[in-house]
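Several structures are given next for inspection.
Presented sequentially are two complexes of chain A, the first with chain B as partner and the second with chain C.
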Partner chain A sequence: MRHRAFAIGAATLLAVTTLGGCGSSDDGTVRLTYWAWAPGMEEVVALWNEANPDIQVTVKKQASGDELVTKTVTAAQAGTAPDLVQAEYQALPTLASNNVTADIRAEVADVEERFTPAVWQQVTLGTDAVYALPQDSGPLLFFYRADLFEEFGLDVPTTWDEFADTARELNEVAPDRDLTTFSANDAGLFAGLAQQAGAQWWTTETDRWRVAIDDEAGRRVSAFWEELVAEELVDNQPMYTPAWNQALNEGRQIAWIAGVWAPGTLATAAPDTEGRWAAAPLPQWEAGENATGSWGGSSTAVTTDTDHLPEAAEFATWLNTDPEALTALVQQGGIYPAATDARTGGALAEPPPFFANQPDFYETVAEVAEGAAPAAWGPNVTVAYSAFNNAFGSAAGRRAGFEEALAVMQRTTFDDMDRLGFEVVQ
Partner chain B sequence: MSAPDRPRRRRGASVRSAPYGFLAPTAVLFLLFFALPIGYALYLSVRKVQIKGLGLGPDGREEVWAGLANYRGALTDSELLDGALRVLGYGAIVVPVMLGLALFFALLLDDEQVRGRRFGRLTIFLPYAVPGVIAALLWGFLYLPSVSPVTDALETLGLPAPDFLTGPALYGSLANIAIWGGTGFNMIVIYTALRALPVEVREAARLDGCTPLQTALRVKIPMVLPSLVLTFFFSIIATLQVFNEPTTLRPLTNNLSTTWSPLMKVYQDAFTGGDIHSAAATAVVIALVTLVLSFGFLRLATARTRREENAR
Partner chain C sequence: MSATTSAAPTPRATNAPGRPRRVALLPTAALLLGALYCLLPVAWVVVAATKSGDELFSTFTFAPGGGLLENVSDLHGYRDGIYWKWMANSALYAGVGALLSCAVSALAGYALAIYRFPGRESVFNVLLAGVLMPPVILAVPQYLLLAEADLTDSRLAVLLPVLLSPYGIYLARIYAAASVPADVVEAARMDGSGEWRIFRSIAVPMMRPGLVTIFLFQFVAIWNNFLLPYIMLSDDEKFPLTLGLFTLLNQGSNTPALYTLVITGALLAVLPLIALFLVIQRFWSLDLLSGAVKS
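For the complex of A and B:
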């Protein structure tokens, strides 16, 4: 008797768990789940749900970044992935290589022209497929303390040579302050700087990958920063630490190279400095150019697990191209939209509150964003990124050995792909 | 409930099957939550992902038999070996200092002449109740030069403040967190054993004219040796599994890599690299090493105690 009760209990439990992932209810309403981390996404999706009673989307809040990639891949293997997922551009090859993202080319045939080729190429991975729709971009800019630059008589650098000179000048007039820090705890910034110099870390050539992290562009960028770090003209401590927050808040670091999303981060890290910052184009390698890289930015992908591919693609299209949706995304989520026509006017007419002193903030950004270099991501970005953390962390700590660190990053990335069986050359 | 009219034979059968009935819950739980996951990890460790061409799309990858390739990879991995060496260095600080302090405090609290023993016991034990991650964060703030009150205080006094997160000091800083959190627990284990010593033994020692120090060294420590062995055994296992402290401190410094300890390497392989098969193989290797080291020590220790007892 006992045993039978136990068996029935176990069977019921199994039945309940297997029934967990259904997508349609009896009344014909399509129900989609969407894993996303952008703040305010619920409010944006509510607009859709109101207008589309037969396609209801539920947002499930996630932690951002690498964790979500692992989680989504695992969920897809178990057959419990959501219908849609917010994915950073650099995660798309990993997701596509694990067969998590569906090819939605047929469903989104006419939206390509809404995006710049550099952005579009990141969701096609250079193939004929479309693995996601671009949502936001993170073009790199030079953020600096306008008040302190004036106080110390510094000019805003327009080239990297001038940037080094600025660091040197600051070191003379205020030895206890640093222009910025070379941080090894987020490879995204280094990747963006390398893109600006022309790096294409992963490229596809018909049926094989090419890994080119340790190339001319990468060496140029790493040699530049090694010199600054070695001469102690910039700090070598990681960012996003309590010490870093304090250095920014107290003006001991007076500039930061970051994506267009920096105002949000600065508002949290350095609340006392509101209204004292300004954004300028990233310094250039050749005077007069307008090139930048990207740090961050994400897309909306439909998973292969979905039973409602057309509806999911329809929602993704609305979310990333509809003016109402984009305005809501900018206002609620503070994102910088990837769709080019949403980058001027509307919600972006006013600067972010933290930069209220710079009325033309988004005009500067729009100009810079036009020069965003195409990024080229591969299926093991996370491996390359952690190789960066380790190799450049150690090099930054010693203030030497950046060239070798770049070589280690290249080797680790290539070996990992080679070991897994990818067709890969370097 | 009894059934007096039941045939004898049947009753015998039910009595004979009774032990299995009693065993069943444990056996089922053991199989489900212990044997099955271990078996699955072993299975994963002899498989690998094989990627074809670009590896994109539905036919890009498949799982195939790998034999011992993952184990070969784990054993020849220099990062794993470096991690193991780092952990050895870390353990060489943690284990002796922590157990030394635990024994010292236990003996102190066991001495009836010491005042405030209840309070002392509680305060020394309290850090053990702080979750490891919280402890690491807390200490992390104290270690970061520009926000650390310790650095601040030293500089006010005109003393050179060490950089807690660089070079050899880093080992001390990490060990300090483990010692701070672990001493209390080990002290309680030893202290309990001390309290269990018969009163006659203490009395005899006192009558024989032992000073408290002599009582501690010649009577108490030899008699609580089994507890010391036990705490040593726990400490070895905890040291080999160090993960929380370096992982939590990692974002604060350039000097902690993502593969600083062997378990961090497993985590990195599984969740950053997405290679669950290599991670499983490395985990099995770590489990085996832990097993050999800890049980090897235990055997050695018990064999020695037995020999000494026989000699007595």
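For the complex of A and C:
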């Protein structure tokens, strides 16, 4: 009887071994693996596989986030990275400086014009190389409760001064409601707001980095929000909490600055408010401008580990510029495409279901997206973000000290790069 | 609680055995608080799993909703029922991994407890150092090693590192030393039994409660393991539950997290563990009732 138990154990081990050993075939077909997190990516890739029997792509679904960057870098070190990865724009400098992403400039020479210069600059990192192809972008917009704005007689602010006035007016007519919140948990939003003001947090100049988080643009944005928070004209609690969901759902917060993907988030966070929101361009620093920042967005990068660089780059080009692929990405994955000609009509002719009351939703977005400021990311975005969370978290709680918080963020980011051995100035 | 009222102190009964002792209020209160602290999140998961997406954040936290069946069927329908595949994977990793690791621990622990050989103490000390080493920091080196063997992204990559459990071997050694008397081993040798047979027919039955403990420890540890499979696996057909639920939470900024699916999935993921504990419990109480040697 004992022998049998042992035999079963051995058989299981054997079965497991054989299951594990799936190899690559050598019938001339190029097989590519692609780590991606966008929902529905399998369906989009299936279109490619059908049309390209000799280049077969397998999607391996991943969880998005900083952990995936670490995992990709580790896999690249071991020589087991996939051929393609989906990478957020702010992760590209990390991946490029670890030599994970390949330079595909020769393979994608003619696609630059399909994207806005601001987006393209994020995949070249300001160099001549091309480290990835832009997939989606998240231009910031001003989302507001159209019904409540009307009820309280508020005008949609077009400048930040008007935004502050709107917050004041709301405070007078409905003291129990807030216009929005300053969330110290979402550095991505603050980064987007700073980009709009003209910030370039990381730049490269002849073999050295410059960190400029605590610059004029950053100070302008943080001083603006400090005043609103100090006067209790906006809330100081973080976003994406159950309390925040409830505040949105019950109309205690009547506006939200977010990326173009906000409708999806609002649908889960505030399900009772369907059809009552509207999107408007982000308030401007100078009247009449059309500038915005970005929050979110990702790209498709080819890794240095691949044995099939031309084929991988060909697939990446198809995925991010072909009308059929982009339509599928919009429909299956709910992305907002980075390619400019895919931003109107087609799959984006209709507004998102949650915003059915605003038929011109995507036309508004397309206009706003034209003015998306270039983002400048560096190799330690995660450090800067966690410094933001710590420093601004306590500043927002005290409703004071935003200026010092920005200085702390600058110092932490600079020191970290210095310690890692980068040539860096500030 | 009734003990407090019945405890009328009479001098005669002060040291009488079996007399109900006075309940110490402070420790009891502290323990009750601790129990509440541990059980509240569990209660939250149970209640939240019954809420539909609309109710999740909008109704009172502990008010049950009416969407449990819908949630389960949504989870079942998500990407052609991949959730069940993840659960089967978890069962495979935890079941096979715990069984093999238990076998390795039993062999190693028995050998360390019974045999005298040079280097025995050093081996044991190295293992003790291994107990202090959190498995988390080993995940990346193990990945790099398995990449050399071309085994990453395979089920074996998750199973191999869990085979050797320093804590399991440590427990097995302690248990073997306590429950397998040297006299019994000696007697078996006198009767002409081989070493393998002594281990298999005499030592293993004696060590059984300890081995069950090791099995359960390992099973729960592997079932809940996150970092090792996260680093090792990239194909979500091979993901265990922990990883699968994590991908549901992080789908990129333009897709909201699938909270109701994750919460329902987390609740269902606990059920096999509870079932396992209920089934295996009886092996614990079945301690060695019959002593082999008289002391």
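Assume the second predicted complex is superposed on the first by the 402 of 426 C-alpha atoms of A that agree within 3 Å, B and C clash if a C-alpha of one lies under 4 Å from a C-alpha of the other, contacts with A are read in each partner's own complex, and residues count from 1 in each chain.
As a convention for this text, a residue touches a chain if its C-beta (ideal position, glycine included) is under 8 Å from a C-beta of that chain, and two chains touch if they have at least 3 such contacts.
Because the structure is a prediction, the values reported are computed rather than measured.
Colleague: After the overlay on chain A, what do you see for chain B versus chain C, clash or fit?
Modeller: Once chain A is superposed (C-alpha atoms), there is a clash between chain B and chain C.
Colleague: Quick check on the superposed pair: does A:Leu125 touch chain B, chain C, both, or neither? Answer first, second, both or neither.
Modeller: Touch status of A:Leu125: first partner only.
Colleague: Between chain B and chain C, whom does A:Gly153 touch in the aligned arrangement: first, second, both, or neither?
Modeller: A:Gly153: touches no partner chain.
Colleague: Of the partners chain B and chain C, which touch A:Val383 in the superposed model: first, second, both, neither?
Modeller: In the superposed model, A:Val383 contacts chain B only, not chain C.
Colleague: Scan A:Pro175 for contacts with chain B and chain C and give back first, second, both or neither.
Modeller: In the superposed model, A:Pro175 contacts neither chain B nor chain C.
Colleague: Please indicate which partner A:Pro242 is in contact with in the superposed arrangement: first for chain B, second for chain C, both, or neither.
Modeller: both
Colleague: In the superposed arrangement, does A:Ala63 touch chain B (first), chain C (second), both or neither?
Modeller: After superposing on A, A:Ala63 lies in contact with chain C but is clear of chain B.
Colleague: In the overlaid three-chain picture, which partner chain does A:Gly345 touch, first (chain B) or second (chain C), both, or neither?
Modeller: Touch status of A:Gly345: no partner.
Colleague: Given the touch rule stated above, what does A:Gly334 touch, chain B (first), chain C (second), both, or neither?
Modeller: second
Colleague: Which chain A residues are contacted by chain C in one complex and by chain B in the other?
Modeller: 67, 242, 246
Colleague: Hey, which residues of chain B end up touching chain A in the complex?
Modeller: The contact residues of chain B facing chain A are 49-58, 60-61, 73, 141, 144-147, 166, 251-259, 268, 271-275.
Colleague: In the complex formed with chain A, which residues of chain C make contact?
Modeller: 53-54, 57-58, 61, 92, 96, 99-100, 103, 140, 143-144, 147-148, 151-157, 159, 200-201, 230-231, 234-236, 243, 246-247, 249-257, 259
Colleague: Which part of chain A faces chain B closely enough to touch in the complex?
Modeller: 66-67, 69-70, 73, 93-94, 96-99, 103, 125, 127, 129, 184-185, 204, 207-209, 236-238, 240-243, 246-247, 304, 379-380, 382-383, 385-386, 389-390, 393-394, 396-397, 416, 419-423
Colleague: Could you pull out which chain A residues touch chain C in their complex?
Modeller: Interface residues on the chain A side: 2, 9, 12-13, 16-17, 19-22, 33, 35, 37-39, 60-65, 67, 71, 74-75, 77-80, 82, 136, 138, 188, 242, 245-246, 249, 259-261, 264-265, 267-269, 271-272, 295-298, 333-336.
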